[in-house]
Amino acid sequence: MQTNPDNHISACLLICCPDRPGIVAGVSAFLFQSGANILDASQHSTDPREGLFFMRMEFQVEAAQKHTLEKGFQEQVATPLQMEWQIRYSDQRKRMAIMVSAYDHCLMELLWRWKSGELQVDIPLVISNHPSLEKECTSLHIPFHYIPVTAATKEQQEAAAIRLLLEQQVDFIVLARYMQILSPNFVAQFPHRIINIHHSFLPAFAGARPYLNAYTRGVKLIGATAHYVTNELDEGPIIEQDVSRISHRHSVQDLVAIGRDTERLVLFRAVNAHINNRVIVHGNKTIVF
Amino acid sequence: MQTNPDNHISACLLICCPDRPGIVAGVSAFLFQSGANILDASQHSTDPREGLFFMRMEFQVEAAQKHTLEKGFQEQVATPLQMEWQIRYSDQRKRMAIMVSAYDHCLMELLWRWKSGELQVDIPLVISNHPSLEKECTSLHIPFHYIPVTAATKEQQEAAAIRLLLEQQVDFIVLARYMQILSPNFVAQFPHRIINIHHSFLPAFAGARPYLNAYTRGVKLIGATAHYVTNELDEGPIIEQDVSRISHRHSVQDLVAIGRDTERLVLFRAVNAHINNRVIVHGNKTIVF
Amino acid sequence: MQTNPDNHISACLLICCPDRPGIVAGVSAFLFQSGANILDASQHSTDPREGLFFMRMEFQVEAAQKHTLEKGFQEQVATPLQMEWQIRYSDQRKRMAIMVSAYDHCLMELLWRWKSGELQVDIPLVISNHPSLEKECTSLHIPFHYIPVTAATKEQQEAAAIRLLLEQQVDFIVLARYMQILSPNFVAQFPHRIINIHHSFLPAFAGARPYLNAYTRGVKLIGATAHYVTNELDEGPIIEQDVSRISHRHSVQDLVAIGRDTERLVLFRAVNAHINNRVIVHGNKTIVF
Amino acid sequence: MQTNPDNHISACLLICCPDRPGIVAGVSAFLFQSGANILDASQHSTDPREGLFFMRMEFQVEAAQKHTLEKGFQEQVATPLQMEWQIRYSDQRKRMAIMVSAYDHCLMELLWRWKSGELQVDIPLVISNHPSLEKECTSLHIPFHYIPVTAATKEQQEAAAIRLLLEQQVDFIVLARYMQILSPNFVAQFPHRIINIHHSFLPAFAGARPYLNAYTRGVKLIGATAHYVTNELDEGPIIEQDVSRISHRHSVQDLVAIGRDTERLVLFRAVNAHINNRVIVHGNKTIVF
């Protein structure tokens, strides 16, 4: 999404409603009458007869029109078609928090892409249970919060983290190899807004030590999975996965090194899709437009 | 595209027109008013300001409505929006001819997928300049025409082939490793309706002996390219490409064997996209929805 | 491995022994003194200090030398180094049986590659619990044995199958989507000599209905795994795996179709590695040279 | 390669000689008698009859033995077998210079992997014709030399660069998107010791603006190629290549962004192979063990 001159901005509409004839016509007619120009559209139906219909539309609209547009859309389109919807505008960058432990590769990948302009997002803070990556963040003027966690302090430290995240009004959180399991209370604060990178091809090797387990089983490919966090460990809706080829020549340490590259790329792709409003969660699955 | 009960069929609309606000609204409103239910849609604009707009829409419609629908679409939508368009229906299978020389792998791949129902197409004939693959075709009840070609007979033999192809009302032709260069006259009869598989990653190694040239250059990946045939050899619009990894251990013969698998898959994907009306040619490039 | 003129043949030596200095020197000196010329060699050690050493050596040797060579190797090399070993010669093609049910894609892939000379193997028989693929085999002059299996007849029918396989002196068996679970007794007859293709990326989705389970979980890649059969279902040593990308657009039926291509390729690669003596089983893992 | 206790180091031997029986036996017997323990070996022959034989052997040896070992190897093995050879030891890290212009992604990738210990190399200096990446280097305590180049100053500035590189005794140079063509004089100083990353799948789109040309041609995959620099632009021996999938949806700018990821990975793999003595140049091709 790019802002263009003469007070027009890009907007992205996501909708979900019961499938029935006339949805595309209804939405596109409304946008046309509102002076919006559709740039891109993708749609998906779980079943044209009794299923759910999902759509993502990118369009250009006058910045001043936002409020009128949304009000009209609710009345004329969303209510009649029983639609859940949201619109995001290109002049409102999302606010992304990163939580990380001691491994730096996923954090560095996100920061590097953010610095180069590839990730169109604001990063108001990084939270870590280790102090070691502070300089990597502060040298880019990103506030770094060291919040160590022990079994005894977990509840109060999570509360401190939540307080910071809410103060900073973050839109979503990326767990860039954050090695603590978040409590149900934490997860409930950010439903489908916490993205985790797990270092295996889920559902294979969920839980601890996936590279060791992959080595022991003798698989010929190792993978990484980016998913939204739910209260079932490593069971949330999958956004993106990829794999790399390995062989008997590779030690567990080699798997860790090879896997780092897959983790970095998979997490970046998932985060970028989320930032660009390309992901819709449906049940325990994702639609990635 | 699947036919469904109660006299409804699936239809696929492809359009191309100057981009401007209101196209999606216009098309979808017309289809809604005609009782059609949109199943899937993809669109692409070369530039929202002065570019071209392309769209593919799949919808269900009553079989009896075909003629009325097309007439109405031309008048109410296509003419006002300066649109080029076509509709294909699921009850009209495309007719595909295959031309082949002595290598059998691409032919066998297409026949196997056709036999298994994966390629939704009719195959009224196979033409070959070698007699060797006759049994492979006739055992599946596909007529096989042996039309040998020499420099002296090329013109008359091409004329014979064209006659057969027109008699059989073929929609498009697949060159499944057909080792003759078609004349401009032949190509002109089937514009953007001849699909060739070239055994390299074009534009690298155009022309003869691509595997030998790839071996000599010492590349680390070899590829295959499916493209529409034009009068510039190996220069037509590319539909699909893929590659396989090779190393110094592989001889030219190994490249030929490895490359066969890539050729089979790339050609299948291109042919399947063409059959499902997913390919639009624009200039010397393709949009593959 | 290729036979060459003047009575020389290719041979392939596989060894496994405790790692210690001098193994390569011992083996290569013996082969040199026996007039053999090493063509290729690969080695692997689980640990140079107390681990196991594995090696594959391809060499040329006079056909008449076979017996002398093996006797000398045992005495001068294998016994002193506590080696397990085997030699296979290029003039002894392996004998491969195929067991299949009703899906034809894996069978057809193997037969097509065998017919084209890519799989250097003899196929003395195909066994199926369905009658439907008989013609595909007999048209290539491969005997087809229809051995239906029910819960009641399983024991006696397996016995019949084993009798046939032993009569035909098969070296190994490929389960090309054979939808029956072999009994421990059957498996025990052919240790590490039965190759199965499972239609998932193991250990994910072991057991029945992997494509349905992959669809339900919402993974973004689906895979296939070729492995040796053991008495633990889908738990045997993995030979080869690969994956294909899918999205929310794909139905279970689409996964089945996309997965077929991965299954074909993965099974072929595993079978070809086995034929060329490139696979060594170690514990529940494989070394694939 | 890892150093291990008790004064043993790892060593890597690369050889090239006319193929004939007895080479492996000769080399391995010599190493065994010298007290070396072979850890890994790879070999390749262009033709067992009159071809060239290449081998890479990794072994452990007492550090104090280096000189004796090399002297003995020359006399007892290399001279009789007409061998070219070199040995590198794990206690002598290679010295790598990086030359870069304004794009930072390849430089950052190499520095990040070096910092994390993945690239076992020393980086005594970075040379750039732009001042912009100085801080990225100096913050890691790597000296940064700004050597701007114009048509008028090219000769003297290249001389200055060569002086620095020789002073620092660099083993090889990586052009991490260095946008100047090196003169034949420069290249001659470092034969097969300058690695360049070209942002296309060579030989396609050699020369300037490969992403624009790929976009214009309408290819469906874009690639990157790491190769040794020779005096023929983009024609040197290829070390590594890879590709990424693109579609009609991607602008030239998108290709640049997608391509960056491929460039980073391909360059890293090539540099790592070079560092680990895995690359042998033969004619205009490479053997990558």
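The letters A, B, C and D name the chains in turn, as written, and every chain counts its residues from 1.
We take it that a contact is a pair of C-beta atoms (placed from the backbone, for glycine too) under 8 Å apart; a residue touches a chain by one contact, two chains touch by 3 or more.
These numbers were taken from a predicted model, which means no experiment stands behind them.
Under the contact definition stated at the top, the chains bordering both chain A and chain D are B, C. Pairs B-C and A-C differ in how many C-beta pairs touch across them, and the larger number is found at A-C. Per-chain Cα centroids separate chain B from chain C by 37 Å. Chain centres here are Cα averages; for chain A and chain C they lie 42 Å apart. Counting partners per residue, chain B has no residue that reaches two or more other chains.
Within the complex formed with chain A, the residues of chain C that make contact are 44, 201-205, 217-221, 223, 237-243, 247-249, 284-288.
Put simply, chain C touches chain D in their complex at residues 20-25, 28-29, 31-32, 35-43, 45, 48, 60. In the complex of the two chains, the chain D residues touching chain A come out as 104-105, 108, 112, 116, 118, 139, 257, 261, 265.
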